[in-house]
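Letters A, B, C and D mark the chains as written, and numbering starts fresh at 1 in each.
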Amino acid sequence: MPGLPETVPTEAYLALSAVLFGIGAIGVVLRKSALTMFMSIELMLNAVNLTLVAFARQFGRLDGQVIVFFVMAVAAAEVAVGLAIIVDIFRSRRSVDIDDVSWLRG
Amino acid sequence: MEFLIFSVFAVVSVAAALLMVLQRNAMYSALFLVLIFFCLAVFYILLGAYFLAVVQVAVYAGAIMVLMLFVIMLLNVAYPEPVDRALGLLRPIGWASALVLASLVAWIAAGSPGASVARTASGAGLALGTVGVAEAGHVQEVAVTLFSKYLLPFEMTSILLLAAILGASVLARKRPDHA
Amino acid sequence: MLDQLWLVPVLPLAGAVLNAFLGRRFGRDAVVAFGVGSVALSFMVAVGTVNDLLAMGQMMHGVETHLFPWLAWGDGAARVTVAEVGMLLDPLSATMILVVTGIGTLIHVYSAGYMEHDDGFARYFAYLNLFTFAMLVLVLANNLVLLFVGWELVGFCSWALIGFWFDRDSAANAGRKAFITNRIGDLGVLVALFLVWANWGTFAFHTAPGSMTPGFLDDPAKVLATPLLAMAIPLLLLVGVTGKSAQIPLFVWLPDAMEGPTPVSALIHAATMVTGGVYLVARVHPVYDQSPEALLALAAIGALTAFVAATIATAQNDIKKVLAYSTVSQLGFMVLGLGAGAYSAAIFHVMTHAFFKALLFLGAGAVIHGLANQQDLRRMGGLLRYMPVTGWTFIVGWLAIIGVPGFAGFFSKDLILAKAFGRGLVDPTYLVLYGVALVTVGLTAFYMSRLVFLAFFGEYRGSHDEGEVHPHEAPFSMLFPLSVLAVGSVVAGWVGVPAFLIGAGGEGTAIERFLAPATLATGVWEGTLNHSTELLLAGLSVAVTLVGVGAAGVIFLGEGASPLLGELVRPFRDLFAGRWFLDELYGAVVVRPVGRVSSYLASFDAGVVEGTVTLVGSSVTGLGGILARLQSGYVRGYAVTMLVGAVGVVAAAWALR
Amino acid sequence: MNGVPLISLMLAIPALGVLGVIAGAGRDGAAARTIALLSSAVTFVISLLLWVGYEPAGARFQFEEQVDWLPDFGISYHVGIDGISLLLILLTTIFVPVALAASGSSVDTRLREFASLVLVLQFAILGALVALDLFVFYIFFELMLVPTFLLVGVWGGERRVAAAMRFFLFTMVGSVAMLVGMIALGTSKGTFDYVGLIDALGKPGGSIGAATAMWLFVAFTLAFAIKVPLVPLHSWLPEAYVQAPVSVTVLMSSVMAKVGTYGFLRFSIGLFPGAAQEAASAVALLATLGIVYGALVAAKQRDLKRLVAYSSISHLGFVMLGLVAGTTEAVQGGVIQMVNHGVSTGALFLMAGMLNERARTWAIAHFGGLARVMPVFAALLVLVTFSSAGLPFTNGFTGEFLILTGAFRAPATHVWAFAVVGAVGVILGAVYLLRMFQQVMQGPVNPAFVAGNGGANGPFSIGDLTGREMLILAPLAVLIIWIGVYPKPFLDRSAPAVRAVTASFAGASR
């Protein structure tokens, strides 16, 4: 296709990642459901992962990819514990509305 | 060709993300998230990170999302959530901040006047050559790096996962007083 | 023997250490052995070294001994020496160590008898030995800092010994007053030291072998580059002299110092320590030679002090207080001598004064001892009958201090007067000072005669019944030193007999010629007097003395003063008895204002402390209140906050790229 | 000796000691003090080895160890000592066992926690003294805060919590300023290494500009000035010193305050000699103000411990005056005065504590005539008091004289006048110290101390020094005389380091 670059520049990935990150952030703020908030956080993590992989390619090093691997592992752990907490909260409150969980009010 | 694929999946992923966030129904949100994960796997392939692409599908789209869907169904909260209570100023501030953040980062990354750093870096990256990159994503190289330079973090991650398993099972355990 | 010079100060130090650590375990005999023995040995070594010095004939700079580096660091070429520990033996220090160890030995012997029944026997001798050590450091130091060390250490020992009977508040107060008054004077010395270091870059008196920096006394003219400095250093040192040698305005501590045991008054507050100031000026006299103004200040202060103290002495009834003011007055004579540029005359007076004033104080001690701690002259009288040895030796001391020809005081005092007069031929101001001094000679004769007549002549006025006090003679250990000192009070002056009188060759006196290498003024012109003028001046002072003695005799031996005269002198009596009200003045001008500032600051500080507590407390609560409202507990609220923060960080990073 | 990483070993011993105390002491903590003492004794022996092995003529920093830590930020575990840190290390290793031994009956609860916190404090102080990397220094500097806060807050007097909080807040403010300055400096030069920074700043074109240097100097100095403390930042001190148990007060004044003066010399002056030169007059003014102010306020205190606390402020003013004066004599004096202040003020606090253990009061007016009751104690107190008042042939004179003599010819404007005012402070020192001595030790014996029907010479209800107390005070008395009469071994060791500082100082003034 004429006029278009052969490879996708890193900047494009970064921009995309930024947009995804922003949307995820909006989700965290907007949604009341703890579950949807969780998903939004996952989206943000993935956006960051994308930058890491993009930079890994740019600098020709594997460290970025390895870190993404760790992020995934940590995310898995986080999801497991987080969901357990949600289940526990739901048991006592019959709701996953995040605004009901405000025991930390100062 | 590569650019075309990127463009298509970029549009798809952004659209899916928006739909996910704006969706009232948790079940639909989860499904859109799965779609985003797949898009990301495609990007990883484009970037030469084949191993990660596989892991992305397996772990995120497979394990994590299945877990989430399980919970959604288990708790039966897939109904549309009620209209939000007034969050006061927080809601507009949140919107604004998120938009500013996204556009700021995107602008910087995509070659704003301030992106000279990124540009020189990308130039250097191209100079380093795509030679290494082509093989860089193969399982073997990743594995070698992971089990040599990052051995200690790797082991610590496994301990973290173990702790997460224990924590999750303790938290989700049915307690006598709740029964 | 010169190589053993270090033993002179170290022996008393060893005595002090032994008595301090083991004294209480060893018992009194051992304490006396250590205490007296160490000083006596030190005296013998001193005699030996001085003898060697005389034999060497190498007098100009004396002999220096470098013991060890003190305020110094680095080795070899990198060595920086601010001050070392070293000794300088020249005619000046030789005279002083003989006086200090010699008279010190006698007073130690006397103390063994005087303090026999005191609880703090070992402590007393430890301090007394330590004092001897400190005084020897002062006079033997080969640099100004070490001299200052001795200077401060004698002050410390003085504090400890004045407050020796610390159960008495008055004694403790007097000790503190002495130390602090001295410290005020020391401030001057300290600043003078700074100036010396800044100007010469060394504290050494004389150039050390192999040293690039000449000793500052070898290069006194360097100071002239800054005329202000040439005057500042001697004037600042003068402040120290007024403290240590009890001159106006800082002499107020010395009379109070009589709270200490009498032998202490004799050794420290009469014979040795208080002459430290005189010694200091004589030692650094090349610096004074550069500044006629400083010399004049010295002379004026000396003459004024001599006069004021003598007037106060006329109105005191405590035998030790009279002697104390007499000491101040005599020190005034010495300072006047210094101010006239007659350093050797001043040192000569230091020496003779040490003999007769020690004698007088020890005699007073024997009197107090014999009267069971009675110090009031009005309760004495006729004591010559009860304690003849004490009485007759005391009379020798009296004759010496008032300057009866042939006795020690006559020669030294007269030398000073003659020098002041001689200087007056050049600078008429000195003639005024000479006049003041001459009047003081008369006053001296008056108050000393008053003391002797009241104490030793007439009838005993103390009550025989009350407290079963019978005047009795002192034990031998006290009488022996009295006798030796009495002899000294006569013969010590004979080294100062003018050469022309006894037909010896040379100019001036033997003591002047001996001291000249160390103390001869450079660049100060003193008028030369012909022999007949000298004799005339001597006759004049003898005449004045006779008037003073006569007046005292009429008033205190005869029928007493006429009522009219009594009325006439009453205001003066009140002024003198009130010590010119200087203590009150200092209280109002210095002590109480400092106290008030101090109180104010203390309450201010407490306020600041409390204030910050309140401030910190309220601001923490206030801030906490604001922050607490942000802590809504809503997770999404926290999320927004984080988001805003993230935007801030990114924006900042971008803006600051 | 070369192969052994002595410094790391010295740091490891207190750390191991903490574990030993926690593991070895039973629930009642009976063995805690013994184990801690043992640990601190070993640390002392190692510090002696450093003393023996240190070559005054050798390299600038000796016993160096360097291991990469966060190489991307130019941060490494870099430790080493010069003569200045050597002296302060010895001071620390002497005072920790002394403080432990002196904690005696004033600390009788939670001994296990107490002993381990003291060792943590020792670890932090020693670490701060040997650190040659700004980041490492900062970590140790902050680490000092935690055990001190707890030691004051848990074992202190009635108002201990407020005192501890105030101490904590004040110190934090300063630390934050230093942290900002440190990061700014470290990132601009790409390294946090002390030696590397000095090289980078000294290179032609490596200068950061006078204004920036001044800001950084102020940021660093603020942290140290609060720690010292320099008037008017001292208002945390009296309460903290008074509320803390005696042994903790001793550690705070004798050792911890020295990290403040040390940091000022090493970092504020060492890194920014030009700015230090420019600010010399201002710092000297504050230091002199502290000398006089502390002395005047001390003169009116009715509480023994508070009096010593204010005297400590006054004495530290001398140290700061010496350090900032920048002449070799003054800085040498400042360094030796750090040791002196530790020894003399520490001894004063210890002796005040011993009186308190006997009489159960701090009020000066309640004492009186104790020299009759406890003669040995009185003799030692004479020595310590006069050392504090700067009597020649005691350590106080050595330090104060060098400081004032050196400051008098300091190049910065008006510093000579501050030296003169400082000399006035010497007089004021004598005033309040002698007054204190007189009211406590002299005069008639307070009847409260005469037991039953005893006569004037006892028996008294309180006794003279015990053997343990003499053992505690003896090394301090020896140091007082030693530094007073023959300070050369100490001055020799600090001289090369001081010369390096003063050379940069003088170079900056040109």
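One rule holds in what follows: contacts are C-beta pairs under 8 Å (C-beta built on N, C-alpha and C of every residue); 3 or more make two chains touch, one makes a residue touch a chain.
Fair warning: this is a prediction, and the values are worked out from it, not measured in the lab.
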{"item": "Chain pair, A-B or B-C, that carries the greater number of C-beta contacts", "value": "A-B"}
{"item": "Chain nearest the overall Cα centroid", "value": "D"}
{"item": "Chain A and chain B: spacing of chain centres that average the CA atoms, whole Å", "value": "5"}
{"item": "Length of the line joining the C-alpha centres of chain A and chain C, rounded to whole Å", "value": "87"}
{"item": "Chain centre separation (chain C, chain D; CA means) in Å", "value": "37"}
{"item": "For chain C, residues that touch 2 or more chains besides their own", "value": "634, 636, 639-640, 643"}
{"item": "Multi-partner residues of chain A (each touching 2 or more other chains)", "value": "25, 29, 32, 99"}
{"item": "Touching pairs among all chains present in the structure", "value": "A-B, A-C, B-C, C-D"}
{"item": "Of all residues in chain B, those that touch chain C in their complex", "value": "87, 90, 93-94, 97-98, 100-101, 104-105, 108, 114, 117"}
{"item": "Footprint of chain A on chain C - complex, ascending", "value": "627-636, 639-640, 643"}
{"item": "Residues of chain D touching chain C in the complex", "value": "56, 162, 165-166, 169, 232, 235-236, 238-239, 293, 296-297, 299-301, 310, 328-329, 332, 369, 371-372, 375, 379, 382, 386, 391-393, 397-398, 401-402, 404-405, 408-409, 416, 419-420, 423-424, 426-427, 430-431, 434-435, 438, 441-445, 457, 485-488, 491-492, 494-495"}
{"item": "Touching residues on chain C, where the partner in the complex is chain D", "value": "20, 68-75, 78, 80, 82, 119, 123, 145, 148-149, 152-153, 156, 159-160, 163, 166-169, 172-173, 176, 179-180, 183-184, 186-187, 190-191, 193-195, 197-198, 594-595, 597-599, 601-602, 605, 608-609, 612-613, 616, 620"}
{"item": "Chain B partner contacts - residues on chain A that touch it in the complex", "value": "1, 4-27, 29-33, 35-36, 38-40, 42-43, 46, 49-50, 53-54, 56-63, 65-66, 68-70, 72-81, 83-88, 90-92, 96-97, 99"}
